[in-house]
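There are two complexes below, and they share chain A, which is joined by chain B in the first and by chain C in the second.
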Partner chain A sequence: MIKYTIRRILWTIPTIFLAVTAIFFVLRILPSDPASSILGENATPDALRALKEEMGLDKPVSVQYVEFLEGVIRLDFGNSLSSGRSISTEIISLLPYTLELALASVLIATIIGVPIGIYAAIKRGAFVDSIFRVSALIGLSMPAFFLGILMMLAFSLKIPLFPSMGAGEGFVGNLYHLALPALTLGLIESGIVMRITRSSMLDELNKDYVRTARAKGVPRRTVNLKHILRNSLIPVVTVIGLNITTLISGAVLTETVFSRPGLGKLAVGAIETRDYPVLQACLVLFCLLVIFVNLVVDLSYSYLNPKIRP
Partner chain B sequence: MSTVLEVKNLNVETTGKLPHSILKNVNFQVQSGDTLAIVGESGSGKSMTVLSILGLLPVTGVRITSGEILLEDKDLVGYSDDKMNAIRGKEIATIFQEPMTSLNPSFTVGNQLAEVFRYHTNYNRKDVKKRSIELLKKVKIPDPEEKLKAYPHELSGGMRQRIMIAIALACNPKLLLADEPTTALDVTIQAQVLDILTDLKNEFGMTMVIITHDLAVVAENCNKVIVMYAGQIVEMGSVEEIFQKPKHPYTQGLIQSIPGIGKPKERLHTIRGNVPDINQMPKGCRFHPRCEIATEKCIKQEPILESIESGRRVRCWHTL
Partner chain C sequence: MNCKFKSKILLYFFLLLLVVLAGCKESEQPSQNEDSLGSEGDTLRVAISGEAEKLDPHFASPVNEVAIVQTIFNGLVKFPSGTVDFSKIEGDLAQDWEHNEDATKWTFFLKEGVQWQKGYGELTSSDVKKSFERVMDEETGSPWKNDYNNIASIETPDDYTVEFNLTQPDTSFLLKVINYHGGMIVNTEAIKDAGDSFMTSPVGTGPFIFEEYNSNEKVVLVKNEDYFKGEPRLNNIEFMIMTDTTAIEIAMDQGEIHLAPGINDQLWVDKRNQNNDLTIDYTNPPLLWGIYLNTSKAPLDDIKVRKAIAHAIDIEPLIEEISAKEAASVPEGPVTTGYFGAANVGSYEYDVEKTKDLLKEAGYEDGLTLPTQYISTLSSYLDKMVFVQDQLKKAGIDMPLEQVDHSTYHANARDDLNNIVMYGYVRAPHANVTLSQFFYGPATVGTPTAVTNYSHYDKVDDLIEQGSVEVDEKKAIEIYKKAQEQIKEDYVFVPLVELKTVLIRRNEVNLGYNNNDIDGTMIYYYNIDENTEITK
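Up next, the complex of A and B:
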C-alpha cells in the first residue's frame, strides 16, 4: 500500500511536467504577441523592443522555457504586468477563496447527493424516487449563474438571511459569505452525485454477494449500507473528484455573480488585460490542482477496491 | 426420525393482473439426516423453491400465494423479514451456485465469516477468530489464519466455495440448502467440494437439500430425489428407485441423457423442446408437448401426484 502510494505520487511528476510544457507552448503559439497587444497597434518598434526585453520575450524560446520551468519549480511566476505585484503572492492570497468555495460545495453536494441517491435506489420505482430523479434533472440542467441569482433573490433580498456579495472577514464572516455561493454550486452538483449514487447502487443490488449476505441473516438495512454501498462508491468518488476539478476552474461564473475574489476572477481578468504571466500561472495552478485531485481519487480507489491494491 | 422441513402445498405466482404460476402445489418433506436432491432443468422452479424457503424471493414481481413452509414446527411463510433474519444463517444455511461472485469483493474472508457470528452469537472477537480458524480447517483450507485476511479475489473458485461452506456451517444449522454447489467448478474441484460436504454432513448429522441438474452428484451424495418440471414435482423417491426404475417419462429422459464413460459411442439421448415459459404453460400435463408417450388424455387433463409405493410419488397418466 505504501509502495503503491509512493509510486503513484512519483508518477505525477512526469504528468506535471507534460502539462506545464503544454501550457507554455500553447501560450507561445497563440497568434497575438503580448507586447504588441499591450501597447496597441500604433506602438513604435522601439517601445515594442523595450517592452519585449522587459518581459524577457526577446530571448530564444528554449531559454524562456528553461526559465519558466525554473520558475515553476520555485513557484515563482514573476510579476503581474497590470498590477506589478508578485504573481505568487497574489495567487496565494486568492487561492483560499476558490478552494473553500470548491470544497464547501463538494461537501454540500456529497451530504445531499449520496444519502438521497441511496434512498432513491432502495425505493426505486416508487413515487419518491421519481421526485428525486426529476429534481436532480432540474439541478443538472440549471446554470450556476441562474440559480445563483435566484438564491440571491430568495435568501438575500426577500428573506435577508445571507449576504449576496463579497467574501467577509474572519472565520464566521467567511462562512457567512460562503453560504449562498457554496449552496448554489453544491445544489447543482448534488444532482449528479445523487444520480450516480443511485445508478451505482442499482447495479450492485442484484449481485450474488447481496443474496449471500441476506442468506447469512444480515438485515436488509445493513446489507444496503455496508455491502452494497461500499461496492457502489467507486463511481461516486470519481464523480466527486471530477467535480472538484471542474468546480475549481469553473467557479468563474459563481465568483462573478457573487462578486467573490478568487482564481477564476483572476484568470478572467488576466485574459482581459492580456496579463499573460498571470494567465500562465493560473493555468499551471489549475493543472496542479487537477493532478492532485486525481491522485487523491486514485489512491481512494485502492482503498475502496481491494483488487486494485498491488 | 423427525421431520426437519416440510413444504406443504406451496404456490408461488407472479404479481400483477394476470398472475402466472411459478410453483404449483409443491409438497415435500425432509427428514433429519436426509440428503434430498431436487433435480430438473433450468426454469423448473428449483431455485425458486430454495428462495421461498429462505424468504428471499424478489421483493417485487413474485409472491407466495398459499402454502406452508414448516421448519420443525414454525411456519416460515408468515414470518417477517426480521424474524427470518434470525433463522437465515443460523437454522437454515445456504450455499449458492457462483463461488466467484457470491462473496463480497470489498471485504476480507474473515470479515464475512465474522458477520455470521455477529448476528447469531454473542462471541467476542477472540471467540470469533478461534471459531473462524476452526471452520476453515474443517473445510480443508490450508493456512487458515492467513486466509482470514485474504480478499475473495485472491482465492480460487474452489477455495471460495469452501469459504461459502464454512460460512454456512458457522452456526451448526439444522438445514443446509445447497443451490447447485458444484456447477461452476472444475470436475476435480467438484469432487473435492462434494467430499467436504459429505464428510461434514456425516460428522454433524446435518440435513441437506442439494439442488442440481447433475445427476452424477445426485447418485453419489443423496438418498432421496425430487424431480421438478415447470414448477411442479413430477416424481419423487429414493435414489435407487429413481435411477433404476424411473416412473415418469421426464425422469427417464433425464437419466438417459447422462453420457456414460466407457460405453460405446452413440448419439446422446435428448428430451426434445424446452421447459415452457411461465406465461405459456400447456394445458393438461405440463410435460405433454415434449413427452414421447403423450396421449389425448395428457393434453386435456392434468395428472395428479399419486402415491404408488411408500415414499414414491409420480405425476403421470401413463406411469412407466
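Up next, the complex of A and C:
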C-alpha cells in the first residue's frame, strides 16, 4: 500500500508539469497584446514599450517560461498587471469565498440527494421514482447561471427572503448571503448525488447478504439504512469528490450571477483585462485542485477496495 | 470500517466548512466598524460592470474606474455637474483663472484652505505643479501624457497661483485641466507612501474618501467631512462589481442598487420603463460613430471611390432600429453635436444610383472588392461594421472583414493596416480636440506624432492651427465651420450615428445637481457629488 501511495504521488509530478506547461503556452498563443489592453486605446508607443519591459514580455518566451516554472514551484505568481497587487495574497483572500460556496453546496447536495436517492431506490419503478429521476435530470441539465437567476427572481424579488448580491459581513451575514448561491449549486449537484445513490442502492439491494438479512428477520428499515446504505455510499463519495470540476465551473457562473467575490470571478475578470499572470495563477490553482482531488480519491478508493491495488 | 469512514468524511466536511467560514469572517472585519446600522439608509449603491483596479486617475480608463475616481479627486476647473458645456466651465480647485492675449500663458488662482484627505495637509500650487509634471513624465507611463505635450513649463509664484506656459497658443486649454483623466490633481506624496499599491490607494481632495477595496466584490468610499464645498449628504458609496445584467436588474427592482449602467436597446428600455421606481437617462455628449477612409491607399485614394462608399450607406436603419430610440440621432458632421465649434454640415445623402455612377466613372463597372479590413470582435464595433458591409454590398462594393481581438484592432488601425477604420468615441467637447486628433496632418497614424488621423488627411491643417490661436470665440467658430465643410467635401469621414449613453437610476436618488437631471457627463456614468442624496 505504501509503495503504491508513493508511486501514485510521484506520478502527479509529471502530470502537474504537463498541465502547467500547457497553461503557459496556451496563454501565449492567445491573440491580443496585454500591454495595449491595459493601457487602453490612448496609450503612447513609449508607454507600451515601458509596460512590456516591466511585464517581462520583451524577453524570449523560453526565459519567460523558466521564470514562470520557478514561480509555480515557489507558489509565487508575481503581481497583477492591472492592479499591481500580489496575486498570491489576492488568491488567499478570495479562496475562502469559493471554498465555502463549494463546500456548502456539496453539503446541500448530500442532504437533498442522498435521502431522495434512497427513497427512489426503495420505490423503484413507482410513480415517485420516475418523478425524482426526471427532476434529477432537469437539475443536471440546468445551467448554473439560469437556475441562479430563477432562484433570485423567486426568493429575492417575489418572496424577499434572501439578498441577491454580495458576500455579506460577519458570520451571520456571510451565511445569509451564501444561502441562495449555495442552494443554486447544491440543487444542481444534488441531481448527480441522487442518481448515483439510487443506482448504487439498487446494486446492493439484489446482493446475497441483503436477502440473508431479510430472511433472518431483520426489519426492512434496518436493512435499508444500515446494511445497504453504508455499502452504497462509497461510490457516492467518489463521485462527489470527482465532481470538483463541475463545482469549479459552477462556482464561476454562480459567483458572476450573484455578484460574489471569489476565484471564479477573479478568473473571469482576468480574462477581460488580459491580466495574464492572474489568469495563469487561477488556471494553475484549478489544475492543482483537480489533480489533488483525483489523487485523494484514487488513494482512498484503493484503501477501501484492495482489489484495485496493483 | 464503512461506518467510521462515512462519519469521518462528514466530520471533515463540517470542520472544513467551519474553518473556512471563520476565515471569511476575519477578512471582513475591518469594514464592519464603518457600517453601523444607523447609516445604512445613506449608503448609495452603484453597480459597475467590471473590476476597477486602477484607482489612480492618471491611469484610470474604463468607465468603472473613472466613475470611482471622479468622486475622490478634483481638477482645477470642471463642468457644472450633470452638464457638458465648454462655455459654462466653472472653478473646482481654482476659484479664478486668466490667460494672456495669445493664450500661451494660463494662470490659475487656487481656493485657499482646501485639505487633502487622510491628513496630507493643505493643497498648494506646488501640489498642482507636481501632479501635472507626473502625467507629463515619460517614466510615469500615463496614457494621457500626450495631452500635455504643449506645456513648456509650470510655475508657482506663490502658494495659491499656478502658471502654465505653453509652447503653442491653446484657447481650449481649460479642457486639459478639467477634473478628467490627467487633469485630476493627485498627491504625489501619498503616491510615494503607498509604494507598489498606489493604484488602489487613492488620496484626493474630493467629497469622498477611499475606504476599502474588496477585490471582486466592491469598492467602498466614505464621505469627506472636511470637503471644501461642504459636508457630503451621503455617508458611503459602495461600487458593487456586477457583471451580470439580469442580476443588476433584479437588484435594482429590489432597491439594493441605486445607480446602474443601462443598455442601448429599445427592448430593454421598454421593459425597464414598466417599473415606475426607475428613471432612464440618456446622456451627452454622444459617441460619434463613423468610418474613416484612408486617403493614402488604393482604391480609396480616389475621391470617386470614397464618394461612392459615402453615398451607399443608408444610416436610417442604424438610427431607427439598432439602438434605443431616444439614444440615437443623425450626426451633423465630423465633430460631435454639441461640442464647442461643432457645425451642422449634415451627413451624406443615401443614393445607390449615384454610387453606381461614381463606381463606373472610377473604372469599377463590374463592382469593386476592397482589401480585407480588420474589425474588432467587440459587438459595438462589429455590428456596425457588418451593417456597413451589408449596405456596401447592395451597391456592388464587397468589403471582406477579418475579426480580431479589440486591442489588436486598435493596434492595427494605429499601425495603418486598415483602409476603413470604424471608430466611436467621446472627446473633450471642443471642435479643436476632435479636429486636431482626427483630421490634422501631424496626427496621421504611422508617424511619430500619430494620434488618430486614420484618413491621412492634411487639407485643413492651416484652419485648425488658426482656430487654436483665435481668442475671439465667434471667429473661432467660423474657422472650425470652414474646416468641417472642407472635410465633408473631401469625403474622408462618413458619420453613421450619434449614440447617447443610457443610464438608469432609482427614483429615491436625488442627484443634487442640474435639477436632478443628468444631461451630460464626461465619464459615461452618473456624476456623484457632495449634494447627491437618497430621499426617503
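One rule holds for everything that comes next: the second predicted complex is superposed on the first by the 246 of 310 C-alpha atoms of A that agree within 3 Å, B and C clash if a C-alpha of one lies under 4 Å from a C-alpha of the other, contacts with A are read in each partner's own complex, and residues count from 1 in each chain.
Quick note on the criterion: a residue touches a chain if its C-beta (ideal position, glycine included) is under 8 Å from a C-beta of that chain, and two chains touch if they have at least 3 such contacts.
Since this is a predicted model, take the numbers as computed values, not measurements.
Shared-chain residue A:212: touches chain B; no touch with chain C. In the superposition on chain A, contact is made by A:256 with chain C only, not with chain B.
When the two complexes are overlaid, the chain among chain B and chain C that reaches more residues of chain A is C.
By the touch criterion defined above, A:231 lies against chain B and chain C together after alignment on the C-alpha atoms of chain A. When the shared chain is aligned, chain B comes close enough to touch A:220, but chain C does not. Touch criterion met: A:266 reaches chain C, while chain B stays clear of it. Contacts of A:93 after superposition: chain C is touched, whereas chain B is not reached. Where the contact sets of chain A with chain B and with chain C meet, they give residues 230-231, 304.
On the chain A side of its complex with chain B, the touching residues are 125, 207-209, 211-220, 227, 230-231, 304-307.
Listed in rising order, the residues of chain C touching chain A in the complex are 1-3, 5-6, 9, 13, 16-17, 20-25, 27-28, 31-32, 35, 50-51, 53-54, 61-62, 138-139, 141-146, 196-200, 214-218, 240-244, 246-247, 250-251, 253-254, 256-257, 404-408, 410-411. For chain B in complex with chain A, the touching residues are 54, 56, 60, 81-82, 85-90, 93-94, 96, 98, 101-107, 115-116, 119-120, 151, 153, 164, 167. Considering their complex, residues 31-33, 36-37, 39-44, 46-47, 50-51, 79-80, 82-85, 90, 93-94, 96-97, 99-100, 103-104, 106-107, 145, 149, 152-153, 156-157, 160, 163-171, 173-175, 230-231, 233-234, 237, 255-262, 265-266, 268-269, 272-274, 304 of chain A touch chain C.
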